[in-house]
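Some notes on the structure that comes next.
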Amino acid sequence: MVRDIDWDKAAKRTVGFSGADLENMLNEAAIQAARKNKTEIEFSDIEEAATKVKLGPEKKRLQTDLDRKMTAYHEAGHAIVTYALPNMDPVHRISIVSRGMALGFTLIPPQRDRIHETKTHLLEQITSMMGGRAAEALIFSEMTSGAANDIDKATMLAKNMVVEYGMSDLGPINFGPTVDTTEWGGRYMMDSKISPDMQSKIDSEVKKIIDKSYQKATSILSKMKDKLDRVAEELIKKETLEGEEFEKIVGTKPALAKINS
Amino acid sequence: MVRDIDWDKAAKRTVGFSGADLENMLNEAAIQAARKNKTEIEFSDIEEAATKVKLGPEKKRLQTDLDRKMTAYHEAGHAIVTYALPNMDPVHRISIVSRGMALGFTLIPPQRDRIHETKTHLLEQITSMMGGRAAEALIFSEMTSGAANDIDKATMLAKNMVVEYGMSDLGPINFGPTVDTTEWGGRYMMDSKISPDMQSKIDSEVKKIIDKSYQKATSILSKMKDKLDRVAEELIKKETLEGEEFEKIVGTKPALAKINS
Amino acid sequence: MVRDIDWDKAAKRTVGFSGADLENMLNEAAIQAARKNKTEIEFSDIEEAATKVKLGPEKKRLQTDLDRKMTAYHEAGHAIVTYALPNMDPVHRISIVSRGMALGFTLIPPQRDRIHETKTHLLEQITSMMGGRAAEALIFSEMTSGAANDIDKATMLAKNMVVEYGMSDLGPINFGPTVDTTEWGGRYMMDSKISPDMQSKIDSEVKKIIDKSYQKATSILSKMKDKLDRVAEELIKKETLEGEEFEKIVGTKPALAKINS
Amino acid sequence: MVRDIDWDKAAKRTVGFSGADLENMLNEAAIQAARKNKTEIEFSDIEEAATKVKLGPEKKRLQTDLDRKMTAYHEAGHAIVTYALPNMDPVHRISIVSRGMALGFTLIPPQRDRIHETKTHLLEQITSMMGGRAAEALIFSEMTSGAANDIDKATMLAKNMVVEYGMSDLGPINFGPTVDTTEWGGRYMMDSKISPDMQSKIDSEVKKIIDKSYQKATSILSKMKDKLDRVAEELIKKETLEGEEFEKIVGTKPALAKINS
Amino acid sequence: MVRDIDWDKAAKRTVGFSGADLENMLNEAAIQAARKNKTEIEFSDIEEAATKVKLGPEKKRLQTDLDRKMTAYHEAGHAIVTYALPNMDPVHRISIVSRGMALGFTLIPPQRDRIHETKTHLLEQITSMMGGRAAEALIFSEMTSGAANDIDKATMLAKNMVVEYGMSDLGPINFGPTVDTTEWGGRYMMDSKISPDMQSKIDSEVKKIIDKSYQKATSILSKMKDKLDRVAEELIKKETLEGEEFEKIVGTKPALAKINS
Amino acid sequence: MVRDIDWDKAAKRTVGFSGADLENMLNEAAIQAARKNKTEIEFSDIEEAATKVKLGPEKKRLQTDLDRKMTAYHEAGHAIVTYALPNMDPVHRISIVSRGMALGFTLIPPQRDRIHETKTHLLEQITSMMGGRAAEALIFSEMTSGAANDIDKATMLAKNMVVEYGMSDLGPINFGPTVDTTEWGGRYMMDSKISPDMQSKIDSEVKKIIDKSYQKATSILSKMKDKLDRVAEELIKKETLEGEEFEKIVGTKPALAKINS
């Protein structure tokens, strides 16, 4: 039996979930409630189930205090940068509990479907992804291989901006491979040949996006170092911070900027 | 039973349709008429059925006013630029109703088979495709990933002009892969080897076409900003504008320029 | 029953036909004669059958006067340039009747087997192929995608001249892939590796051949514009011109220059 | 029967072993104990079994004194450089007994799971791998092909640092091929196209890492040449040195530096 | 029955023939003798049979006098250049009778197995191959595609000299793909990676060999133009010249130079 | 029955033989002994059998005196250069008897397993391989294609030195494709991407090694021309020289230099 669930909140939490994700999540929530001998599924069961479905089960790993500290600053870095960017959705949850391959995670579920994906929001997403590495460098003057996944995703977005979305100084031109069907029939398939000169310009544009985003993330964290420290400290203490706890430290995130709604 | 259909208009609306498209369209029109308990198929059923066959069924998505506004300007951009170009066919319909992957669409069915595809008309098609992105930039100083499909198609046309149609400064030479049978027998198959130098020139020619077309689209929209605003406003109000409604705002499109018959 | 056929003329008309082509042609000629209730096959049946076997059946397409005019000038361009080049065979037939993918055609069957294919004749063939595009540009200041096939074939010939026949400034050297068996046994198979530098030189040589040929075609048509106009006008009127009708307008083509026998 | 095993020590020795490795190791240890008519497995059986599972069985090869001397200095080079680097785990065992393809080996098992892999530790690993070649050059002014495996692994790590971990002057950008699934669904697959310019920068960064590491290894060995000589001499005498024996010569390795814990 | 055959001469004529070639040749000779109602095979039957086995049967093609003249000069060009080079074997037969794809041929069977293939002889072979094109250019200021096969083979030899035999200014180094087994076991397989710089040098060396050889062929023919004319005239008259007839015109070829024995 | 065999000598002669090689060799030796009606296998049977297993059976080819002279100097070149290099094993046998594809051979079996393959020894191997071509050039001012195999093997070794063993000025870095499993688990597979710049440096390093080795071979032969002549003369007389006969002419080779033992 399911009762007292804030379904609006649950719906928002699961934007982007597939039908299979939702089914898995509800099953998982029921199992967890049953394990705790509860007769009703509560929102906390939903929350935990949603996380498990997306990131895998918790994984205990032997860690030193310093390990935990580094993870805490990495995740806090993501969270603080995300907080400071006007078009990013609010942080939903931060955790330094290991799940799957990840040492921690920062959840930023979209508040609703993005109808238009804008250049501004794409740049902020990349900057947010840079927040972890930027914090490592700022606090420890060190880099970890744990940022590789952030770097990979950020590079992918930056490439898409340049190669497919026409959002760089190279203009509204497509440099990717193409399979397409036109509105009035006719089918195109063409492997994109690009000269070394043009590829070099593409590489430079991608690098420029990454470099600027990293600098912005670093600059945000430098200015908000106090809050970064406090979030990291709280994370080390509690392991997981809900969005509300995070906002108690950093302040409430203002409503999304209009243009990117 | 089918009555009172303006078959000339229907034929024009379906230029470029395959036999299967036509069959699907007629079935769809019959189903729609039946749903509305009509005993006869009317032209509006044909119209809706033709659109559904080509673009997929309507799709309700939760959108903000700003989302709708951005879509409206994007489609209005296509429509206004198309209107302003002397060799483009007239706009048949504009809509901000989501269908399939598209947030909106602007229909520009050819008035009849193009016997000759001219350089002038190809350049105008590319400029028309640039109209959406140009409107985004002009009105919102923003870019959306929704223009990616326009950019992809425009790049494809520009490449064909340079690589296969010999319509660039590189002259009447073919740079693509070739499979051909000569008039008097004999069969050629040859994978085109091109030096980095020549590929670089090809890339520049393609980019030049895209850049000029984008500038032209921007220039048209700047000059016709009043009409752009009014079309967008009407679209936000009515969601779909038929060609006649569009022309009430912008004026009747003159007959096609002679050369491109 | 076949009677009164000028077999010499028929043989000349079918130089380059395969055995299967000839069989198809004779069957087709018999069918056509039967359709017209003739008891004998005449040369006109052979002529039509030969064209159908090589280019496909006639195809009615809705065209404007301007469409027909553009096609007429394109084909007249091929015919006039061919006429003006001393080593090209005489024009056999010109037509603006659509067949298969083609809007028109100009038939230039070889008068007999070319024993030696010379550099001079290859250059004239390329120039002849450029005649259609050159006419479009000269008369309409426009280019059509209909010239793509001419451009493709001309590029192929130019490449062969440079890469396999050693007929460019790069000298008697082969740049293509090679499979060969020597006179005294021994078998070579080698995929040709070419540096970007050398490929760039090859590209330039190919482009030089195309550019010069296009300029020559343009120059011929400029000088013979009167005849170009009269052939195009006749074509618009009659749709198809036999070689004799064409030569009535432009004059009889002199015998082939000696060297290219 | 298993008795008197220091299981803590055994666990540390087998960090990074798979389940199959552990099973093979225990079987092997039991077999060895049985061969020696022991009724109980001792730690020395575990030790030998662990080595055999990872490196293969001992292999007698006819060697000259000089062969043994070169191997001894190569392995001593790895051990000494490892000892001198503050973030490397302590040397567990050094041996000039041939196993599989290897003439000798230096075991440096991680003391526990590395939660964070840092840039500092990666650079030290590469420097440690350079220790063998550096010793060859320093002592014999000679190079052997036996260092090829060290060089291969070191290059791989250096490439990962530059291409995937964003740890070079090129910044936090990914240059490798990518298959990824985002947190919120959506799947990317993209073969990384890189211009010759950018690839050249990548190559330089990789080379810079290798060159600096090799210089550091050489510099360490030059400064600690006395200890290098003594370790090599002991190795020639005893063939295998346990970590304790090694540390008797070079001194106890200080606890790992904090940052890389 | 085979009688009165000069078997020494026959053996020399068939150096390089495979067992199957020899069998085919003898069968063919027997058939020809039988057709002519001879009871014995004579040397002329052997000669004709050997040619047929290697080059295919005679092929009658309709040719003009000029066609025959061009072929005659092409073959005479090969023969004269071959005659003038001290290390080439003597010309055995020249013919302008079409066989297979060839319009004519010049037979230069090796007098015996070449034990050592020298740089000098390879260069002379290439020069001999250039003789046909050089004669076309010298006499007709024209080039034919018939030289394509000569050009292909000459390029192949020149490439081998540079890439495999180490006979260019690039020195004794191999640039080709390699599969090899060493004398003492061990197997190598390596696809040769070559930089554009080095490939460019290879291309230049190959071109240099071709260019020099072509110049030498041209220079020889210029100096021996009288003999070239007389051989061509005789060929036009007799269609085929035996080695003895050729040497009556040009003089007896001196014995092979010593070094290339 | 096998008797009176110097098994030490036989073992030395067959270093590097596989089990199958050894079995083939013993069978072959037995067959040869039987053919000669010997009841016992003697060392000479072993020697001949070992050569046949590795190089194929003797092959009689018609040769001129000059052919034999060129082969003799080529093999003598290998032998003399090998003799002059301090780290090369002694020459075991030189022959100008044709076997398989080879016109002659120089056997240099390793005296025992090379435990360490050093840079010095690799360079000497390459120099030894250059000895044949160097002799051709020195004595005949000519080059033969027979050196192609030497050149191929020498290039391969030089590439390995640069690309895998880190023995060039490019330092201890790997440029080859890599498949590897680390000591502690984890598997790498990566196709090596290399920029044209770096590949050009690799090509230069390989060429530098080859060029220097060739110069050294030439310099050795120039200084030892008397001995070269005498060895070649003896070879022409006897066809095969055993190591002892060779050393009678050139002197006994000093023991291997210490470092490369």
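In this document, chain identifiers A, B, C, D, E and F correspond to the written order of the chains, with residue numbering beginning at 1 in each.
Convention: a contact is a pair of C-beta atoms (placed from the backbone, for glycine too) under 8 Å apart; a residue touches a chain by one contact, two chains touch by 3 or more.
Keep in mind it's a predicted model, so treat the numbers as computed, not measured.
Visitor: Going by the touch criterion stated earlier, list every chain that contacts subunit A and also contacts subunit E.
Guide: The shared contacts of subunit A and subunit E amount to nothing, since no chain touches both.
Visitor: For the homomeric pair subunit A and subunit D, should the interface be classed as same or different, according to whether the shared residue numbers exceed half of all numbers used?
Guide: Subunit A vs subunit D: different; shared/all numbers falls short of half.
Visitor: Please identify which chain has its centre, taken as the mean of its CA atoms, farthest from the centre of subunit C.
Guide: Relative to subunit C, the chain whose C-alpha centre sits farthest away is D.
Visitor: Which rotation angle, from 0 to 180°, best lines up the CA atoms of subunit C with subunit F, given as a multiple of 5?
Guide: About 120 degrees of rotation relates the two copies.
Visitor: Round to the nearest whole Å and give the separation of the Cα centres of subunit B and subunit C.
Guide: Spacing between the chain centres: roughly 36 Å.
Visitor: Taking each chain's centre as the mean of its CA atoms, how far is subunit D from subunit E in angstrom?
Guide: 62
Visitor: Going by the contact rule already set, what residues in subunit A reach two or more other chains?
Guide: In subunit A, the residues touching two or more other chains are 194, 196.
Visitor: Looking only at which chains touch which, which shape fits best: line, ring, star, complete or other?
Guide: Contact pattern: a closed ring, each chain touching exactly two others.
Visitor: In which sequence are the chains arranged about the ring, given a start at subunit C and a first step to subunit E?
Guide: Following the ring from subunit C in the direction of subunit E gives C, E, F, D, A, B.
Visitor: Of all residues in subunit B, which touch subunit C in the complex?
Guide: Interface residues on subunit B, with respect to subunit C: 112-113, 115-120, 122, 160, 164-167, 170-174, 176, 178, 180, 182-185, 188, 190, 193-198, 258-261.
Visitor: Which part of subunit F faces subunit E closely enough to touch in the complex?
Guide: 15-18, 21, 54-55, 61-64, 66-67, 70-71, 103, 107, 109-110, 130, 133, 140, 142-156, 158-159, 194, 196, 199-200, 202-203, 206-207, 210-211, 214
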